[in-house]
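The following pair of complexes shares a single chain, subunit A, combined with subunit B in the former and subunit C in the latter.
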Partner chain A sequence: MFRLKRRKQEWLQGYLFVAPSIIILGIFICLAVLFVIYLSFHRVNLFQNTYEFVGLENFIRLRLDHTAMRAIRNTLTFSAVVVTAQTMLALILAYVLSSNIRGRKLFRSVLFLPTLTSSAALTLIFMFMFNIQGPVNNMLLDVDILSERINFLQNTRFTLPVIMVMNIWSTVPFYMTLYIASLVDMPSNLYEAASIDGANVVQKFFRITVPYLRPITTFVLLTGIIGTLQMFDQAYIFSDGSGGPANSTLTIALLVYRYAFGPQNAMGYAATLAVILALIILTISLIVNRINKEERVY
Partner chain B sequence: MKRKISLILICALLVLSVAACTSAPPEAAPEAPAPTPEAATPAPPVDDDDGDFAGRELVVGIWGGNDTEMAAMEEMRLNFEAMTGASVTFRVYTDYNMQIQADFIAGTAPDVFYVDANMFPFFDSLGVLAPLDRQAVDADAFYTNLVDTFVGTSGQLYAVSKDFSTLALYVNLDMLEEVGLTVDDLPTAWEDFVEFLPAFQAQLDEAYGAGAVAAMSYNLELARNLHLLNRGGASVIGPDGRATLDTPGVLENFQLIMDLVETGAYQRPQDLGLGWNGEAFGVGRVAIMDEGNWVYNFLRTEFSDVNFAVLNMPSFRGEVSSMMFTVGYGMFIDSENQDLALEWIRYATGVDGMAIFTGATGVLPSRQDVADKIDVAADPFLQIHLDQVQHAIPWSMGLYSSIINDEYMNFLLEAVQGNMTVEEAMRLAEEQANFQIGG
Partner chain C sequence: MRIKKISPGRIILYMVLIIASAATLYPFLWMISASFLPLAEIVGGNMSLVSPNMSLDNYRFVLGLTSLFPRWFLNSFIVALVGTTINVIFNSMAGYSLARLTFPGRNKIYFGLLALIMVPGQVLLIPNYLIMNAMGMLDTFAAITLPAAVNIAYIFMMRQFFINFSTDVEEAASIDGLGRYARFFRISLPLARPAIATQSVFVFMGFWNEFVRPMLYLQTQENFTITLGLQTFSSRHAGTQWAQTMAAACITVLPIIIIYFVFNNFFLTGRRMDGEK
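Moving on, here comes the complex of A and B:
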């Protein structure tokens, strides 16, 4: 009897402990998510407070929306390039910096700096660097890679890649730190055994380091995918909110914002886009997770 | 014992978090001080001419300006408070058109607020503006096109222009002199600039080095190009506000911009790696530009060594036109203080208020009597800007101007960069804009 009461008390206590966060999450995440799903089936006018049920009309409309298709394509391209590059770079840098090279502490600190800067400030700095009169153009001209200046910020072939470079540069250090943290714990006898067997540095990297870091890689890939698919701030600042030039920097998140708060007054359609974005993220994340699990079997 | 303490703590936390969720929305707090509505209700019927406004509060929604503008606003505020005995609070928005929408939805918009002429059709469609009596706001004293800009679909007046700006042509006199030209050698028609620019560019290249100075700069935005595109009866939008970019008239007019671009001497400030025309002109990267009078004080203060002249806009298809940009004061339809709000509008757009603001900031007064009072004519360059009011068209392009403008900027940029034909770009821009407009 006493034990039962005690257990009940513990049970109650546990729930009380999590209650504040459950309530906050419930209101600001769960309710918000449900409301967005609800909105995506409606035509909404927030000013007149009208919600008209339109069924799947918003989803059908999406298929005809070239701008939205462009945004989805931009976002997927962006994500594919950035996630691949940032994961590989982070891994290689971590491998190099966890070996016993001289000054590795200094390198680690210096490389970590971009992560500490706000992305708004970073974007402005990159826009200065890639300006047609800016340092990048000057450098490329000096070493004769370019014969004439490229307007990286206006030429639609270069705008998205510039944002990619910016994003990779600012996210790699964070993931690199995660990898280093795991590598520090790695038993050195694995490498020693490999050396005795005659493995070279490259073999050690691919046969020992990469498989050892697989759980971290899963995390890096997932957060990378989610982060890049939701990219908003850099494109917003870069294009002054328009997604231009010529929709070349338009991402799904930016388009959601434009539809929701622009004169289109299309909160319902914006919600539909947000739902689609969530579905894309969910699908890709599940696939990545699945692939990683399968490989862990052997 | 310990467990009890932690239980109590958690309960306290819970109560706090629930209380935080249920308490009044914080935004509403400064907006609706409890006594105001009660005080407001009995006051207006007494009389509303010389006003029993003492002790009441008025919230004016504005966007932030530079120091001079804010000082002028402050002076107006003090005068108004002394006049009426009411107290005025400015609610300064940073992302105005976005944030004020949230206030409309929440019903907490300021009593009286700025209305950008270009946003006016949108605000009108939302029904957030209260109609204004033409007599009460002295509408006849204003330039007529500025009054018409704020007439809603119902035919009533909903906002009163507080000031305006126009585009005019700016020329760097030192550069002209350097290549042996004078202002009189400049063409007065846009068509003639197509002939003039290549030779002028060659002279500039010779004097300053190749690529150092662009002969002329432009912006690829409807806010700047609309007066050219609508020339000769063409129109960028139809009567329903939807885009009609892909129409023969507009295409033909856009050919002027293409011809100018193809001279290689007509460049956007972004092509030069600079933020905007004023900067490009100030640092000496551009010899001629069409810009608004906001650049006038900017050049005087930031680039005082630049020797320039302001000229009338060139003609196109035998007709001179320009763009004008205006902002008015509108009254919130659900405001409890409409009598006081109207009083603010009457003051701020009246002779005294407008003279303070326009006199200090270099924007143009919306009425001739104020222009006389602050003696705009004493400055011939500013007078040229004011003269544009005769033929300029207001930047206000129906409900969907920002959608149409976004697509215009997107696709026509591809055209001037040579990645698309003009026809293709216009077709896609129209298609995409009308798709987003929906319906």
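Moving on, here comes the complex of A and C:
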């Protein structure tokens, strides 16, 4: 009798302790997901507070929407370039930092700094550096790489690449730290054996470190892809919310925002685009996961 | 004593590190330098980081009486502090429950959380905006703290901590007649200090640096957080007031840099959240 009461009591305590988390996640994730799916099948007028069911109309409209196609193309390009660069740089830096060279703790502290910077500060710093009168232009003119100043912030050939550079700069340290955490566990006799065989640092990197880190690389790629496909802050701040100039910095997330809160007032349609973004992320994640599983087999 | 020979491999390693560090520091150095320079000098083709014309004028403007920056700074601080406190309590409670208490449906909840962690945040913006609107919470600090009041990654971290951590002390306290809630708050939670410190640092930084939620939910200038204030300030001057913007950016970054140097070890070691190890 007493034991049963104790057990019941523990049940109650268990539920009470998870309750705050369940309630918050239930409202702001579970309910929100259902809501966004609901919205994607409706035409919403926020001012009159009306929700009109339109079936698949939003999804059909998307296929004819050149702006949306541009945003999807921008986002995929952005993701491909940034994920490749950030993974490679993170891997190289982690390798260098986990070799036993002098001052690596100091280097590691310095290299971690970008992770601490808010997207707002970071974007404004880069915009300052790349503005037409800014330090980057000055430097490139000084070393004769450029003959005249480039307006990196307005020239559509350069706007997305500048955002790529700032994103890579700010995300590499995070992935570097993940790699370092894995390299700590690496058996040191792998390197020793290679050293006896006369392998140099570059050979050790490609023959030992890279294969050893393959599982964590999948994780890094996946996190990187999921993160970059949702690119919003930097593009928003860079273009002051417009995705301009000429939609060159327009990402899917930014277009979702523009449709939902801009003059179009098309929340239902914006929700559709958000659902598409989620589906793209889900699909790519599943593909990466599948590739990883196949590799593990052999 | 033998002088260690420097191999060519080592030189490559050092070169990589020096180039990477230079690339990392370059933007920071320019931010700091520009924050002390008059605007005329910044846009005048200036090449050097230091100049005799350096002054505190930009900071004087940013922190001055007519400026909203001090207000925004305070707002961010309140939001981050309250948000972090709530997170630590709720995440720890949930982690504790999933690790130490047995009740029907516990595994279902665990796997449910595992699924929820996959939901991309950007997808939730529109529905959450409408939910906030319906709850009448737009333009309040609750709108930015409440949706982020728990963090699944740190629930898992706390769960892992309580699974690995010995239950001896808690059992002893139980024999002494201490109830579950007293045991949790007075014994388990204080013992979990390292894990709590790690999550506090990252959650605080998350709140401090957050941009999207304030941008979406806050409307009155006086309620802005520092990141939103910074962006608004810059865009109001069409991105031309570089000097003052950089001074403001410096002030934004400073608290996190201070926290970083104080809690350096948590940043560099506690960063393994994929559940392995």
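What we mean here is this: the second predicted complex is superposed on the first by the 275 of 298 C-alpha atoms of A that agree within 3 Å, B and C clash if a C-alpha of one lies under 4 Å from a C-alpha of the other, contacts with A are read in each partner's own complex, and residues count from 1 in each chain.
Note that in this section a contact is a pair of C-beta atoms (placed from the backbone, for glycine too) under 8 Å apart; a residue touches a chain by one contact, two chains touch by 3 or more.
Keep in mind that this is a model prediction, so the values were computed, not measured.
Undergrad: Between subunit B and subunit C, whom does A:Leu178 touch in the aligned arrangement: first, second, both, or neither?
TA: The second partner, subunit C, only.
Undergrad: Determine, under the contact definition given at the top, whether A:Leu56 touches first (subunit B), second (subunit C), both, or neither.
TA: A:Leu56: touches no partner chain.
Undergrad: Does subunit B (first) or subunit C (second) touch A:Val275, or do both, or does neither?
TA: A:Val275: touches subunit C, not subunit B.
Undergrad: Is A:Val210 touching anything from subunit B or subunit C once the two structures are fitted on A? First, second, both or neither.
TA: Once the two structures are laid over each other on A, A:Val210 reaches no partner at all.
Undergrad: On subunit A, which partner's contacts cover more residues, subunit B's or subunit C's?
TA: Larger number of subunit A residues touched: C.
Undergrad: Should A:Asp65 be classified as contacting the first partner (subunit B), the second (subunit C), both, or neither?
TA: first
Undergrad: Contact-wise, after the overlay, does A:Leu286 reach subunit B, subunit C, both or neither (first, second, both, neither)?
TA: In the superposition, A:Leu286 contacts neither subunit B nor subunit C.
Undergrad: Is A:Asn247 in contact with subunit B, with subunit C, with both, or with neither (first, second, both, neither)?
TA: first
Undergrad: With both complexes superposed on chain A, which partner does A:Asn155 reach: first (subunit B), second (subunit C), both or neither?
TA: first
Undergrad: For A:Gly262 in the superposed arrangement: first (subunit B), second (subunit C), both or neither?
TA: first
Undergrad: In the superposed arrangement, what residues of subunit A touch both subunit B and subunit C?
TA: 9, 13, 17, 20, 24, 27, 131, 133-134, 153, 261
Undergrad: Which positions of subunit C touch subunit A when the two form their complex?
TA: Residue list for subunit C touching subunit A: 8-10, 12-14, 16-17, 20-21, 23-28, 30-31, 34, 42-47, 90-91, 93-94, 96-98, 101-104, 106, 109, 113, 116, 118-131, 146-147, 149-150, 152, 155, 180-181, 184, 205, 208-212, 215-216, 227-228, 230-231, 234-235, 239, 242, 245-246, 249, 252-253, 256-257, 260, 264, 267-268, 271-272, 274, 277.
Undergrad: Residue numbers of subunit A touching subunit C in their complex, please.
TA: Subunit A residues touching subunit C: 9-11, 13-15, 17-18, 20-22, 24-25, 27-33, 35-36, 39, 89, 92-93, 96-97, 99, 101, 104, 107-114, 116-122, 124-129, 131, 133-135, 138-139, 142, 153, 169, 173, 177-178, 181, 185, 200-202, 216, 219, 226, 229-230, 232-233, 236-237, 240, 253, 256-257, 260-261, 267, 270-271, 274-275, 277-278, 281-282, 285.
Undergrad: Which residues of subunit A touch subunit B in the complex?
TA: 9, 13, 16-17, 19-20, 23-24, 27, 46-48, 61, 64-67, 131-134, 151, 153-156, 242-247, 258-259, 261-264, 266
Undergrad: Can you list the subunit B residues touching subunit A in their complex?
TA: Listed in rising order, the residues of subunit B that touch subunit A are 3, 6-7, 10-11, 13-14, 17-18, 21, 98, 101, 104-105, 122, 126-128, 268, 270-273, 399-403, 406, 409-411, 413-414, 417, 419, 428, 431-432, 435-438.
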